[in-house]
């Protein structure tokens, strides 16, 4: 059986935080084109705050919970509750398992999508981070259905995220600040979709390196 | 960007310090959460607590309505960005005296989410929280989609009514009912003549071409109904009055409270010119003005433009509007 | 010119109509002279009448300080232009109850001339009129030429003190002495970050280059002391505080009232940031803030900038500042 | 003896009013260069209001009084009291005489100058209307001293006014709105000096046509 250990595996979450930190300026730049240019700053603030509260020997699910809770409690805006909910949902799904299987990851992703839709009222196609998370999860699900290896499934997640993010260029923003631009928002990446892509890709790569085959 | 600030990313922190210093006889900042402003009058007597919150940059809103007989605690967000769930939660905890808390806020994605999460936290503490979500902006969605409409300056009337009702010793249900009644009878619309700049951002949030105006603009620059040629005060007032009046609709014989707010850079002089045109329209329609407010009551940084808000009043709402109030943004002596 | 007006040459007329409608419970316009605004409280009791007047475009000044316990009648001029001698005279006549009239106005060529002529007319009616001429703007002339200094936002404190004193039943001499004491202890300075446009004129009155500010600007755009690079709120506050503090000078142990006013387009948020820096400076100097006001108290149409005003207070001035007041621009509940 | 009749001679004042009315746009244009561009509007408003109150069969001095009083009472700003005082002083000096002699005109001009200096605090050289009125009066006085005819004296007044007005181009504004420009006010005519020049020239020409020699 293939799995990723949950115990003492906060390094995946720390890698995600690091990736957001490194890309903060880039994310703000993208937000600048159609929004108010602060997405990187907003994200970085919350993720760096969470970093201080996460020890490397925490469980992966516990570290996700801390990240999610920090975002919800201390960040505000829309990103706080949205990403907060995403990470909290991922955490809640995973905390049951010591050994995180590829099936468990799908369940967690689905739970996160459900949480986001319940909370934010954003739909697929509204040009938000959901337009990364949803196609990425679909792609993962497809790979899983084809009984691909954990690694290949994670690769599918990564590819799906990238494709979803890139596709936001073709979408018209229906929600958030960029909605002001209407049709003119076409041709630009969505900032939230971009950060979500960074998160999913980092998570996928980091988990790949950690797969145990017993 | 011609602004009098220090670090653009700390404008809210810096502003709050000055605000507390200036109004220390009315409000104070929570000891543990610097994003929570609490009325010094909040616990003068046992009553329902009134909480609100929202992004900064709308001065006097939101903290300017914290004080005697109005809002008891305000959660403070970044510029144009919702406060944290924790700040809403801390507000709720700070003002609950066992009679429950009315959270009266505006219909924005972030605020909806953060209030929802704060309420879940409060539930664990057995604090009863009920909400009224302001949705007075007629231009933000058609009447068939009321739940999508944003809250704008009408929120002030909701706070005024809710705060007065709580002060009268009403139960949470009664406070919520009165605030909801206020909101149900309130409609607003805005017009934008010039953009504003979020300091940390450094460039205008959007643009409005010289000689044009955006009819129905939201108070963060959300898109309006249409971009038009800049018209006279009379024409603007005619267009705005008719949109607002026809939405409920207000009819002959109704009594209304009228609230005109500048969005920041519009001289108050112009707001009185605009108000006179609105009042003339109401005269013609046989709608009586019970009370009127003109000034910078709910702004959007230095945006150029005005909002028009009307609330139809009955005896209960009149009584609430007449209540003495003492806040930075509105001080009224009872006659 | 992105403005909400009708005929640009009638902005004052149009504004007055809206103003009277909105504040009919506080003020009314004289039946015969539409440029005379009279407090409804002016003759509630026998007392010294308080008159002021000046050009329009400074809302809330001047008419916004007409009301209970402050100014009894205001002569209204065109935008940035002195009222007529007749309007000053009509104000004087309207509020005299035999105890005389204190005309408390600002030091501008036009106002000086028109008040002088109005006083001559009043003399024929045997009305005793005495004046205090506000000259709080430190930047407008060196200390050796005090008589050349302009009046700016410090006028508000002069009206507050004079109005309170009159309400207490003081004689004309006492009212004048208190208002003069207020003025003698008051200093102001302004900084401009952006110009304003007189509507009938259509183009900015002057220009301020992006990235610069004009230190010591007057509130019609009169030249300042120097044009500087736009600095941080702290640096601006440091410079302005030290100019004001050193002029009287205010010294350790003094108590002062601080009044910050935006000039029109400066968000109130920034004014609180600025105020906090001023307050820190005063803390360091050991000067205590007795009371503080932050907001758009004396504007210049949509000019971008702020003024800083301080008044050193003794027991008499404190008592006057604490007095209840009800006007459009300042409403204060007595504690 | 040369004189101009005072009785039923308001037409001189009406000519002045007419000249201001005709030049209103021009005066505003000049004010626009260094001030706020409303001098013509301000003047026209006051002068037209006075016109309604002046009948042609009024005495010249009475019509000046009505004009002066209208400006003082109904115009405001600085121009109201300043021109108001100027016309009131002219009127007060002239009302004693039925026959206005060239000496009486000098006295009236001097009286007006004195009134302006007392009231407005403006000095010669501050770039105001005084810089027309003063040199015009000096020029008139000189002609009178040389015992020139009334007509020649009035011609001297006219020339002095024109020269004074033109000379304001060389002055730096010390007072009023144009003072903001400091050195940059050089090179421009002063609006008040220009209107004063129109007034004096019109008065001089109109009186010239009216001189009676008995």
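Each chain carries a letter (A, B, C and D) given by its place in the written order, and its residues are counted from 1.
Operating definition for what follows: a contact is a pair of C-beta atoms (placed from the backbone, for glycine too) under 8 Å apart; a residue touches a chain by one contact, two chains touch by 3 or more.
Everything quoted here is computed from the prediction, not taken from an experiment.
J.: Nearest whole angstrom, what separates the Cα centre of subunit A from the Cα centre of subunit D?
T.: 81
J.: Taking each chain's centre as the mean position of its Cα atoms, how many Å separate subunit A from subunit C?
T.: The computed centroid separation for subunit A versus subunit C comes out at 56 Å.
J.: Could you work out how far the Cα centre of subunit B sits from that of subunit C, in whole Å?
T.: 29
J.: For this assembly, give the contact graph shape among line, ring, star, complete and other.
T.: line
J.: Hey, which chains are touching each other here?
T.: Pairs of chains that touch one another: A-B, B-C, C-D.
J.: Under the definition above, what is the set of subunit B residues touching subunit C in their complex?
T.: 2-6, 11, 14-19, 21-22, 25, 56-57, 59-60, 191, 193-194, 208, 210, 213, 230, 232-234, 236, 264-277, 279, 289, 292-296, 299, 301-302, 304-306, 324, 326, 328, 331-333, 335
J.: Help me check something: in the complex, which residues belonging to subunit D touch subunit C?
T.: 36-38, 41-42, 72-78, 80-82, 84, 119-121, 175-177, 179-180, 182
J.: Enumerate the contact residues on subunit C facing subunit D in the complex.
T.: Listed in rising order, the residues of subunit C that touch subunit D are 9, 77-78, 80-87, 109-110, 112-114, 116-117, 198, 200-201, 203, 205-206, 220-223.
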